[in-house]
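Listed after this line are the structures, all set down as structure tokens.
Each of the next two complexes has chain A plus one other chain: chain B in the first, chain C in the second.
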Partner chain A sequence: MATRSRYLNTLFAGYALIAPPLIILVLLIFYPAGQAIVRTVMTDQEVGITAGLTLDRYFNFFADPIARSNLWFTIWVTVVTTALLFLVCFPLSLYLRFSNSRIAGIVQVLALFPLFVPGVILAFALIRYLGPRGTVDTFLRIVFNYTGFVTPYLKPSGIIFALVWDHIPFTVLVLTAGLRQVEDSVIEAARDVGASGLRVFFQIVLPLIQRPLLIVFCLNMIGIFGSFTIPYLLGPAAPQMMGVYMQQTFTDYLDRSGAETQAVLSFLICSVIGALYVRTVTRRRGERA
Partner chain B sequence: MPTLDLINLRKQFGSVTNPVVAVNDLNINVADGEFLCILGPSGCGKSTALRMVAGFEEPSGGDVQIDQQSIVNMPPNKRPTAMVFQKYTLWPHMKVYDNIAFGLKLRHLPKNQIDQEVQASLELVGLGKYGDRYPAQLSGGEQQRVAIARALVLKPKILLLDEPFSNLDALLRVRLREELRQIQRNLKITAVFVTHDQEEALSLADRIAVMSKGELQQLDKPATIYARPKTLFVADFIGAMNMLDGEVSGGVVKVGNQRLPAPAECVAAPAKIAIRPEDVTVTQTGEGAWHGRITQVSDLGHYRKVFVQSPDLGMLKLYLPKSVEVNDGEMITFKPTRFLIFQGPLPPFEVKL
Partner chain C sequence: MKIDPTPAYRQPTIFGYRISTRTLRREAFGIFALVALTLIIIGPMMTVFLWAFAERWRQPALLPTEWGLSYWYETLARNDITSAMPMSLGLALTVTALSAIICLPAAYAFARINFPGRQGLLLSFLAVNAFPRFGLYVTIAVVFFRLGLVGTLPGVILIQLVNTLLTMIWIPTSAFQNIDRALEEAALDVGAGRLRVFFQITLPQVFPALAAALLLTFVSTFYEAQGALIIGIPGIRTMAVLMYSYINNQIVVQYGAVISLMLWLPSLVLLSFAQKFLRGNTVSSGFGV
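Moving on to the complex of A and B:
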């Protein structure tokens, strides 16, 4: 009996610990999200008519050229930014993992610095720096008498530039952590049997950091797809990224159900990537010790 | 036939102003088919020396030659050496077969030849049916066997082993050691084995190179290393040894209240007297007999280890045959039968009584 009551106590303590976050999660996130999803596929309720199922709102979304171009634009920015992030962060992470020099410490601090800069400050700093009559423009005018500087401000390149900068620390952190899991002797063993540096990278290092690579890929994609502050402050008036578009639909056009439809669509796209992430994190536990 | 020569090999870490010498002026020659152990405490430079042969460390000076050809300018992937590492050595994303086949594929061998050689090397280490498994599905001992197979399959001129068994439990270590020795004998491959475990070195090696603080102390056959250590360090490091302070004068060496004969070549100066625990014989009281009280007796199978507290020499360790009756707390009288006299950096004088 004593062991049974102790077992029940432990069980109760366990549930008590997870209850508060679970309740908040259900009441404030899952329930309203579920409600919103249901609302997007229901006809409007009017007096005397029962609501029925419909996909009209989604047809309307894809019938609207502005909505379509905003969605494509968001996907395009997400893909380009993610690709650029890998191009920038992979060499950086390899350097940080394999270099023993003192400069590596400084590079690491610089790479992690954006982590401590709020997005809104970063956006305004870039406006002041790269905007019209900003630091770079002024410098080129005064020093080289060059007036042809084209600012990325209010252009897609402005968003991409800032988003890359903003996501470097997270990407570098995860990649270097992944690379540090690859033991020196694992690499040396490959060199020892005759593999060149490139072969070691592609056949040993890359497969071994597959998981951190996919994790950083998924989380970056989702974060960039849903970004708001940077595209809102630095992006063009059209096309817009989905975050900005939703905000405008909701507050400027007062079209609540339109904004909800956009939100559910964005959520569906991100959940595909999310599923890939979950699969990456949970699979093949048994294969490696 | 493959020989390995380390010539004035030197490795220095740290800055120019504050250098740390890891390997200093190391000269070792390994004959064809020889099994050489580099033995020393951790930090003595033995692994650094091996890594310079494999190509993972660049020498600060000196040369490494295989068959009289210098290899120091070759990257590790071009050297005719293969190494077995201490741990984390297999590639976890590849099956055992692919781990072993990796080097052969790099050499563009035909598929059926790769299959044959991988299978042959797996059989060699007794894991013929393990090709389809992932490293994580193997025990530590099996993983190291695969690592050995992976090194041997490339038919290297020199096999290098960097404490390959130190992460395994004692029984397995002894078994793998014997298997490795057998494989090495059968293949007649030249091998260099780094270890801090003297028992491992004594049982495996044709010759042992004892290192301390980056320098070679002695390079000899195991029996010679044990019986005639050249330096105080080797005397103390290999096997058990009673080290006593003595003073040489006029053909005798004074140890505590005892006098032992000393060769005429000994200079009149302080000396260290080294007596192996087994180089004593129990005697009757009388002229030249040492005595002390037994403080501890351990039965070690075919002999007994006895600690004796001597009034003037301190604690001594003796290995006595089972035929001698000894008990805790009793007085015992004994005599050394053989000892070494160390004076300064010179090789010691051996005295047999």
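Moving on to the complex of A and C:
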């Protein structure tokens, strides 16, 4: 009997200790998100009238050409930025994985540096660096007498450049950690039987780092889709990314239900990727246990 | 018999060392990456640095035409800054402390107490990453608006708390899991009290990870601008939120540059510890990698 009550005490202590953050999680994430989802499909409630189901809010959203173009723009920026990130970070991570030189040490520090630069400072720095009459523009004018520099500031390319900048460290960190799990002997064995570098990469390395690859893909996609600071400060006035559009709808137009619909739509679009992320992480935990 | 693919006579030498063509090609890429990253990552930061110490920077000139510190005095004397700085520091400290009080006991429970549903509940904190961030903030803002929390300090504290949960639970949990239990048991065997074991055996082992989690939380909260913008305006203005208006309204460039450097200080502290965190899996365990 004594052991049983002791076991129950431990159980109780366990649940009591994890309760506070769980309550915060439910109240600040699941409740707001859940009630927003429910409210977007309900008719406006008035006294004495029972609420009904309707998709009007979504029809309104898609009937608005500005809303539609903002949504497409966000998806486009997300896909292009994620693709570019892999294009930049894969060679970097492969290099960092296979080189032990001093150059590799410096490259690693540089690649991880943006981790320590908050979005607002990044935006300010890029405007001064790449903006009209910025450092690059001036440099080209003075040194090469070249006046044709086109600034990416307030253009989609400005958003993409800054988002890539911002996500390089995380991508490199995870890819390099994944690549370190691939043992040298495996790669050498494949090379010994005559596989080319590309073939080794696609047929041996990629399948072995599938898990970190998926995690970094999902987190980058969701992070970029839900970004605000960079598109707000560096992007064009139209089209806008969903984060900027939501903020404007909420703060400037005081249209709360409109902002809510936009938020729920971005949840829906990202839910597939979110589910993939949770499944990928969960699967690993399951295997380990 | 295996034939050496690169016979010695074909290998080029550098400073008398024989270097395989593969290494040579790899390090050529390294140098290319080094130059590209310096231009892309250090360039913008250097520009901010120069602007902060520019008394006057007449275009077109590669460097400031006059150097000086007068904008530092001017910026530090501005009313919006003298009120935002203590606000930012106080907020970041409060949020970090609250987060630690709420999350650290839970992390201990997740790592050490075996209760049903433990894995699932631990994984539920990943939900923070599975939502597009700004969409989540908008739905929280809608709830806060109904509760009258928009523009108030508690509102900003709560929304910033959301960001800290995952870091504050996952990093310490994996640290508590990696503790050498044998040491604790040995101490208990020789008659040490439970509290004494916790403070003298357990705590020192997890201290680096706890310090990492606290520091990361503090710095990321100090920089958090999106949540503070949508919930805090107009009542609460942090340094990071001030930067939005300094960038968009393009007042004196030096103001923005000085604030950027000041905001960047906590990051420098983090950067000096970074090598330690990044070498282990401390940071990546906060993403579920």
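Definition applied: the second predicted complex is superposed on the first by the 276 of 289 C-alpha atoms of A that agree within 3 Å, B and C clash if a C-alpha of one lies under 4 Å from a C-alpha of the other, contacts with A are read in each partner's own complex, and residues count from 1 in each chain.
Simple rule for what comes next: a contact is a pair of C-beta atoms (placed from the backbone, for glycine too) under 8 Å apart; a residue touches a chain by one contact, two chains touch by 3 or more.
Here the structure is a predicted model, which is why all the values come from computation and not from measurement.
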Requested in this report: Determine, under the contact definition given at the top, whether A:F30 touches first (chain B), second (chain C), both, or neither.
Outcome: second
Query raised in the report: On chain A, which partner touches more residues: chain B or chain C?
Result: C
Query raised in the report: Regarding the shared-chain residue A:C270, is it in contact with chain B (first), chain C (second), both, or neither?
Result: second
Requested in this report: Examine A:L8 and indicate which partner it touches, taking first as chain B and second as chain C; both and neither are also allowed.
Outcome: neither
Report task. May I ask you to decide whether A:Y129 touches chain B, chain C, both, or neither, giving the answer as first, second, both or neither? Result -> second
Report task. Check whether A:I215 is in contact with chain B, with chain C, with both or with neither, and answer first, second, both or neither. Result -> second
Query raised in the report: Both chain B and chain C contact which residues of chain A?
Result: 192, 289
**Report entry** Partner chain A, residues of chain C touching it in the complex
**Finding:** 2, 26-27, 29-31, 33-34, 37-38, 40-48, 51, 59-62, 102-103, 105-106, 108-110, 113-116, 118-119, 121, 123-136, 138-143, 145, 158-159, 161-162, 165, 168-169, 223, 225-226, 229-230, 233, 240, 243-244, 246-248, 253, 256-257, 260, 263-264, 267-268, 270-271, 274, 278, 281, 283-284, 287-289
Query raised in the report: Residues of chain A touching chain C in their complex?
Result: 10-11, 13-15, 17-22, 24-25, 28-33, 35-36, 91-92, 95, 98-99, 101, 103-104, 106-107, 110-130, 133-136, 138-139, 141-142, 165, 170, 173-174, 177, 192, 212, 215, 219, 222-223, 225-229, 232-233, 242-243, 246-247, 250-251, 256, 259-260, 262-264, 266-267, 270-271, 274-275, 277-278, 281-282, 285, 289
Query raised in the report: Which of the residues in chain A end up touching chain B in this complex?
Result: 183, 185-186, 188-196, 199, 203-204, 207-208, 210, 287-289
Query raised in the report: Tell me, which parts of chain B touch chain A in their complex?
Result: 54-56, 75-78, 81-83, 85-93, 102-103, 106-107, 134, 136, 147, 150-151, 154
